[in-house]
Each structure stands twice: as structure tokens, then as C-alpha cells.
Amino acid sequence: MQLGVASGTVRVQFFARYAEMVGRREAAVVVTLPATVGDVVRRVREELPGARGLPERPLTAVNLKHVKLDATVRDGDEVALLPPIAGG
Amino acid sequence: MQLGVASGTVRVQFFARYAEMVGRREAAVVVTLPATVGDVVRRVREELPGARGLPERPLTAVNLKHVKLDATVRDGDEVALLPPIAGG
Amino acid sequence: MSYLTRSPISLDALLAEVSSPERGGTCAFLGTVRNGPEEHGVTAIEYSAYDEMADAELGRILSEARERWPQARAGVRHRIGKITAGEASIAIVVAAPHRAQAFEACRYVIEEVKRRVPVWKKELRLDGTAVWVDPSGQPTTSPPVPSFSRVAEGGDGHV
Amino acid sequence: MSYLTRSPISLDALLAEVSSPERGGTCAFLGTVRNGPEEHGVTAIEYSAYDEMADAELGRILSEARERWPQARAGVRHRIGKITAGEASIAIVVAAPHRAQAFEACRYVIEEVKRRVPVWKKELRLDGTAVWVDPSGQPTTSPPVPSFSRVAEGGDGHV
């Protein structure tokens, strides 16, 4: 059994209006595991310049699938913050 | 005021299976006025060779519009006997 | 202009009739001559119509659709004559500012066509028989025409 | 093969993908870039997507449609990039043995696309502004970019 605190790195992607707000398309974010998507979003909003304007509860996806904020993230996951969808 | 019995001539048209049954596409039918589409159908079934096989209450149209059998016909009307519709 | 045609239907021409930049949702329906497991070797269907009335009725249906969905524009073409399996017998196109109107109006038009437009069809089958199709879509009432292939089989009852 | 494209959508190609003689009813939906009275001089829309996820999500929606309507075949193409008003941003085509399935499955696909596929649009307007469109279809939240024409008018507040 491993003692101590494990951490993981997730790749966070921003799209459309969110990418404009934070001025970038992606960021590597380190979180303490276990962590949820909500933890990743909090971390992003606290640490990334310009990210304060992001909603506290944005639409999110992990590894190309829609997830809720309480979904677990693992090291290496691709987390996406999605503005309100407007396709079609 | 006109006395005596008035009569009118309507042009009756047959389509698809009905045209095959009676072996023709149209017939001039003389009816005593006032008359209904039902009267025309009865007349056709009684007098036209092969027309006995037509239903007693077929789908009918007068002057390009669907009508019920109790609709009135006038001299010169175009009456159509329509097999069950199967378009589209 | 007639809503009936004896030539193949051009969906593009119909789309051009109803399209406009203010109508962002377009719904189309294509009815094609079917030859599936429910059919029995249908090679083509011979469509016939009471031409003048079919045309008038199609015009009335489009008018009704326009009354119900004033922002929508609908177009329709019904092909008449012999149509090979896989080809279109009818095309309906409805363009509207919003998709719900387009779907509803398109569905309305095809349902009314099926109910009201005086068109009939005779299935032409692989075995040489020709069968009038009744309104439920099932070919039933018809003077069956024995085919040559059946006769050649010696009448053993298996076709 | 991807469900996304940067080129104009070919409805004919999509129809060919799903058509077959056993499927006699085909329903298509075309979404085109709108410039009507509700819009305000939209000349084009710049569509962007989370490409990999949009593609995966479109595939999942088609699979769901296939599960719900096993006899139907559905195809979809979503165009990405700058699309001029009047041109199609999405096309959905569903062929089925019977028309009810085709209409229902087609409607299902477009509704799910609108709800789930990560695509965004920015309206490019006549006055030079560019506006993100929010999901209700109303362009609201956006950093407004004053246009040259506005500046040229002397800022009297009337545009």
C-alpha cells in the first residue's frame, strides 16, 4: 500500500468563448488524487489568468464524453470545458 | 316555375382498377334532377356492363373535389369514382 | 406548373423553390419504390393518377400547410408512370425559420397526400404478375395474372 | 471517415450512403445559416468544434438511432469553418422501410445533435461585429466589437 499524497496531471482544453477568455486552448493541470472534474475546474479558475470569468459549473467532458462535475479524473485524462453547445 | 321532370347529364370517370373492371375510362350518365352522387353511382352500377363489381359506396369526387355520396350533382358535373387511394 | 411529373424528380430543384436565407431549417421527404422482404420481387411500380384532381389536391394541401405554418414554404412533386425500384415517386420539401415547423409541415403534407391525392399503383413483379396496391400498402385485390414461369414449373404449387 | 467536414455538404452523397430498395421512406434535415428578421445582418457563421469529441458524439447518436429504429439507416454531416448565409451547416438523412421511422429517427438525430455535439458558432455580421451564439439560439453573451461603420457614424447611438 502506497502512503503519502498521489498527484496526477490532466490536460485541460478550452473551446470557443472559453478559449478566448483564457487566451489559450489548453493547459496542463496538476491535481491531488483522487480528484473530480469539479476539482479540476476549481483549480483552473483559481490559477489560470483570465479563468475567473469561467462559470463555476461549466459543461465538461472527459476523454471525449460528457460528464458531470463529480466524475473522477485520472492521471493523463483529457478534460474539456465546453461553452453552451450551439451546433446544428 | 318549371313543371315536369328535369334531367341532367354528368360525365362519370373511372380510374385504375375501376377502369379495368368496367373496361372504360368514362361514361355519360343521365339522371333525374335533383340527384346526388349516390344516385349517379347506383345508375352506373345498374346500367353499365361490368359495373356490378364496383363497390356500392366508392370514394367519389365531383369537379376535382372529394365529396360524400349525398352531395348534389348538377348538369354538366364531372363525377369520378376513385379506388382506394395509394399514392405517395 | 404541375405538381405531377413523368420524369425523375429533382430534389435540388425542389430545394431551390423553397429555400431562402430566413428559413434555416429544411425537412425533406422522399418516397421511393420499395423492393424489400415485405414485397415479393417488385421490379417497378406503375403509378397512375386522376391528373387534374391530383394536381388540384396537392395545391390545396400546400395551401393548408401554408395556413398552418405561415412562415414555412413547401414544395411537392409526385411522379407518375413506371418507376423502377429504388427511384423516387414523391418528394416533399419544407423550409422554415425553425426546424419544428419544417418537420411538422413536411409530415403533414405526406400524410395528407397518402390520404387524399388520387393516385394508384400497380406493382410489377419479377414473376411477371401485376398487382394493384390497396391503401393499407398491402397488395390484395387484383385479377391475378399467371406468369409464364409459373406455367413452366408444371403447376406443382411451388413458385 | 469523419462526420465533420470543412467543405460544402453533399446531400446526394449522404442519400447514397443510406438508400436501399428495402427502405422506401427517406427523411432529410438540412440546417442552413440563417439571415432573417430575427438575425441582424448575419453574413456568415464561423463554426468551430471540439473535433474529436464532436465526431465521437455524432457516431454515438447514430448508434442510438440504429438501436431505436433497427431497420433505419442514418447518415450525418456537420460542416465546420466559415459558412455563408443560405449554405448548409448540417445534413441528416434517414432511410427506413416506413416513413414514420424515417421522420422520428431524423428528428431524434437533430435534437440530440443540438443538445450534445460540441460545436459553437460565431455570427459574422454586416456591421463587422462577431457574436457568439448561445444555446437558445439568441446571440447574447459576447465581448462586443465596435465596428468601423459605427465609429464612422460619430457615435450618436443609432446604428
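In order of appearance the chains are A, B, C and D, and numbering begins at 1 in each one.
Definition applied: a contact is a pair of C-beta atoms (placed from the backbone, for glycine too) under 8 Å apart; a residue touches a chain by one contact, two chains touch by 3 or more.
All of these numbers come straight from a predicted model, not from anything done at the bench.
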| item | value |
| --- | --- |
| Path length in the contact graph (subunit A to subunit C, fewest steps) | 2 |
| Distance from the mean Cα position of subunit D to that of subunit B, given in whole angstrom | 52 |
| Rounded Å distance, subunit A centre to subunit B centre (Cα mean) | 75 |
| Approximate Å spacing (C-alpha centroids) for the pair subunit C, subunit D | 28 |
| Residues of subunit D whose C-beta touches two or more other chains | 31, 110 |
| Where subunit A touches two or more other chains at once, by residue number | none |
| Category of the chain touch graph - line, ring, star, complete, other | line |
| Complex contacts: residues of subunit A adjacent to subunit D | 13, 15-17, 20, 61, 64-66, 80, 82-88 |
| For the subunit D and subunit C complex, residues of the former touching the latter | 11, 15, 19-38, 85-86, 97, 99, 102-103, 106-107, 110 |
| In the complex with subunit A, residue positions of subunit D that touch it | 31, 47-50, 52-54, 56-57, 78, 89-90, 110, 113-122, 132-135, 137, 141-143 |
